[in-house]
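To keep things clear, I will list the structure first and then write my remarks on it.
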């Protein structure tokens, strides 16, 4: 039984190539840079205004110098948040990113399954514990949780970034759940 | 023992009035329109680039004609999501919005405590059940959940909007938790 | 859509003024002292014998010199227990009591939403942590939990009182849930 | 390693026979009727005023004609509530009561472990499902839960009694947890 | 209403005495040694090949010199795992074993209800905490959990045995749940 | 930071090739058939008697004609149980088996992340729902759960097999957790 071939499970038109010039330009850049348009980018284009806000926030957090966290750290948070939330789309897409950025395919698989089995630096471990707790029981986050990050060397801005990155994937996991969004098949084979 | 007087609990400079022209203009508009700058607006200004993305997304979801949901429906979702997550900031700020938009102060209090005690239309009830489940157990959201919204009259775009609004407050609840953000005292007395 | 106008959601006669002389006297005293009869008092009058037991237990715990805890401490426990249990009736009624006894309206709102954001003395914090855990997972209460209260200065009788007060609101929260009891509208505006 | 020989784990004087005439009379009646004083009665005597309220409420719910529920039904609720809360004292004391009242020792053991394995009438099953849910997630109790009891033949007063009985054992379970109360050894051998 | 008289709740033939010589011999030995065939042994005989694997694993873990844990320790783990999983069959059968091996009927009852109320050696307590956590949240088991066992004097092989014994009862609890297996009535009266 | 290079995290000798003739023969067969010895086989060899019981049970459930379920169905259950329990070892090893047996790499990834996103037959869906519930809340398994399997066409023996297969992976997940067992690196690249 072949797996779902819809891109999103809501009955909304998802363009192969959008008419809006800014979206179109972005799609073309994706095709040029990575050879495909990530399905979240295509799926979100069903709502162009929302697309702009979502894409802007993504870049404000994930672009090269926009965060105090390293690119790998940001993707590790993405995977661990998505692991709590059991989000297929984000585990596939960001699992691949961890495999690529770390050069360590097992690490990607470990974070998908259970980050506690991975060999991590103390900094990484503290970061992922915060992200897990913030995702699962945000109401229990309290001063000792921030203090634990500080004790592991995180600056105030880095704490903000750990939290905002985790918060963002709590957002996108729920968009994938709402819309039953399917990831591009390309991710599965990359960086194994 | 007076309650916390910090605006955020991270040691980052939170400007009374930011230097960046676009932020400054926004602050001034807040003061003009509602008499104070919401603390989330001031707190986020510690990171101007993030501020821009956050404020843009807020407006893309919450501005008058930007969503298929009514303003009250959006605020009801904000409160119920924040109730699951026990987010003090958002319960105070959006609880006030529900009181104001509904003209029904009790409704605001009910949604803060437990939406199940409120007298709701079937549409509102279905919407809040989706928002609760998407917040608490996003991994259990499945086709029957979307079908339940459709059966209550929600269009495909409205389903998207229920989900994205709930997702957005799952984001902002976690920012408030990470930064220990305190709401403006003004909210407490409004629209009782 | 106006909120429920029933006092309780069971189809039992709830007297405006009961015939039983002792109940009648109590109702009159309420009217005299606070200007209204709390709905729990009216609702419980559907079962006069139970009313007597409930009211007696309430007074044995909450009357001025009957407990080793201060009146504010008792009400703080009431609100936090009701926050775990998401009990609308008790959050409204005892939230008001915390606002009044503390002279700190924000404190009342904080305990409704999430006591962890409040600025508390170590004694208050230890007390509320015990009340939360006793409510949520009573089977995990063990010697270290009592020891933590002792280390925060609680005497043996005070530990009993923290526990019995929390236990009592676990009782009354469940009565409100069973009967779908609505609080008096008067509470909403008081002590803001 | 012999099991705990304390009656309660708080350092409060627990009288063999209390000085207060009303308590003394009650203790003597226990000795006369069942041959021992239940430890909850002795333990609570550390606080005579509270003892009076607790004992009064117990009798208002559990005495022969005071409830619309049969004595067995009340004890079944006591055991199932205590099973959710994993309360050793109440499982021992009320497990014995179920064994005795039902003449069915296995039923007592089943309700201690997991009521779902027992062969129950539809009425009993509906009653225990309500009691379980009211204990575990009181915030989810809603109109359909009351309707399910009505559909199983429960009157409005009986619904009240199911709820108040369950609420009472939620109270007493938490008193046993707070005070680390140990049950009388006599219960273990009775009605096997 | 008499309790279920089925041995298992699946419609599969459960032999009084099986035809297979090895199973028959085992049944006869049970009758000779303890006077009855445990229902799990009879029930599993519906699937003779599975019976052999199950019985072999049981003996590899529970026979006299096959484990580094004492017979009582193994049975304590069985009861506590079954307490988390609320498995009636195993609580009855292994509760009796704890009563017998410890000579302490109360201990058996305590482990059924909530091991935290029992008076235990530090070694026993550490062992049961590991078994509880491994049963309830196996994904949270991490190096500190193994370290806690080591600090309580457990050797590496003993840690393995604590884990494998707990794992085995997680298996058998789920077989009892799947098949609705009822324990022999004989257990109820033994070793009280 | 390279990932853990231990095979198990307990300090027990894990042979490259065991001395016991039966184990040795089995290892050699693994090398011959799949080119490596699965780490669970090597790790368990630290305890040869337990190894025999574990391997026998594995084959009684998983060998070609030993179960009423298809090989793919058994592996699907293995993955879903391990997904509930977040067991890295079993997700890697049995995820690969699902990829191979189904010829559908995405299906393997979906079951690791969240089986609800996969396109499944009604029979598969019913089977996985039972396995999930039996794993997460075995105490809630009741007659309607068996009835749901029957309604999806499962025979009594197949219901047994669904349950026993799920039970077995609940066992092995907990062994992997106890021993911190790492899967062979070979699995990661197979059948993508």
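Letters A, B, C, D, E and F mark the chains in the order given here, with residues in each chain numbered from 1 onward.
The rule is simple: contacts are C-beta pairs under 8 Å (C-beta built on N, C-alpha and C of every residue); 3 or more make two chains touch, one makes a residue touch a chain.
Bear in mind the structure is a predicted one, so any value in this text is a computation, not a measurement.
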{"item": "Partner chains that chain B and chain F have in common", "value": "A, D"}
{"item": "Angular offset of chain C relative to chain E [C-alpha, multiple of 5 degrees]", "value": "120"}
{"item": "Pair joined by the larger number of C-beta contacts - A-B, B-D", "value": "A-B"}
{"item": "Distance between the centres, which are taken as Cα means, of chain F and chain D, whole angstrom", "value": "44"}
{"item": "Rounded Å distance, chain C centre to chain D centre (Cα mean)", "value": "22"}
{"item": "Gap in Å, rounded to a whole number, between the CA centres of chain E and chain D", "value": "29"}
{"item": "Centroid spacing, where centroids are CA-atom means, of chain B and chain E in whole angstrom", "value": "50"}
{"item": "Contacts with 2+ other chains: residues of chain F", "value": "86-87, 114, 139, 180"}
{"item": "Complete list of chain pairs which touch one another", "value": "A-B, A-C, A-E, A-F, B-C, B-D, B-F, C-D, C-E, D-E, D-F, E-F"}
{"item": "Residue numbers on chain A that touch chain F, as the complex places them", "value": "1-4, 83, 86-88, 91-92, 104-107, 109-110, 112-114, 117-121, 180, 182, 185, 188-189, 192"}
{"item": "Chain D residues touching chain F - in the complex, by the definition given at the top", "value": "114, 116"}
{"item": "Touching residues (chain side chain D, partner chain C) in the complex", "value": "9-12, 46-47, 49-50, 52-54, 56-57, 59-61, 66, 85-87, 134-135, 138-139, 141, 143, 146, 156-157, 159-160, 162-164, 166-168, 170-175, 177-180"}
{"item": "Of chain E, residues touching chain A in the complex", "value": "139-140, 142"}
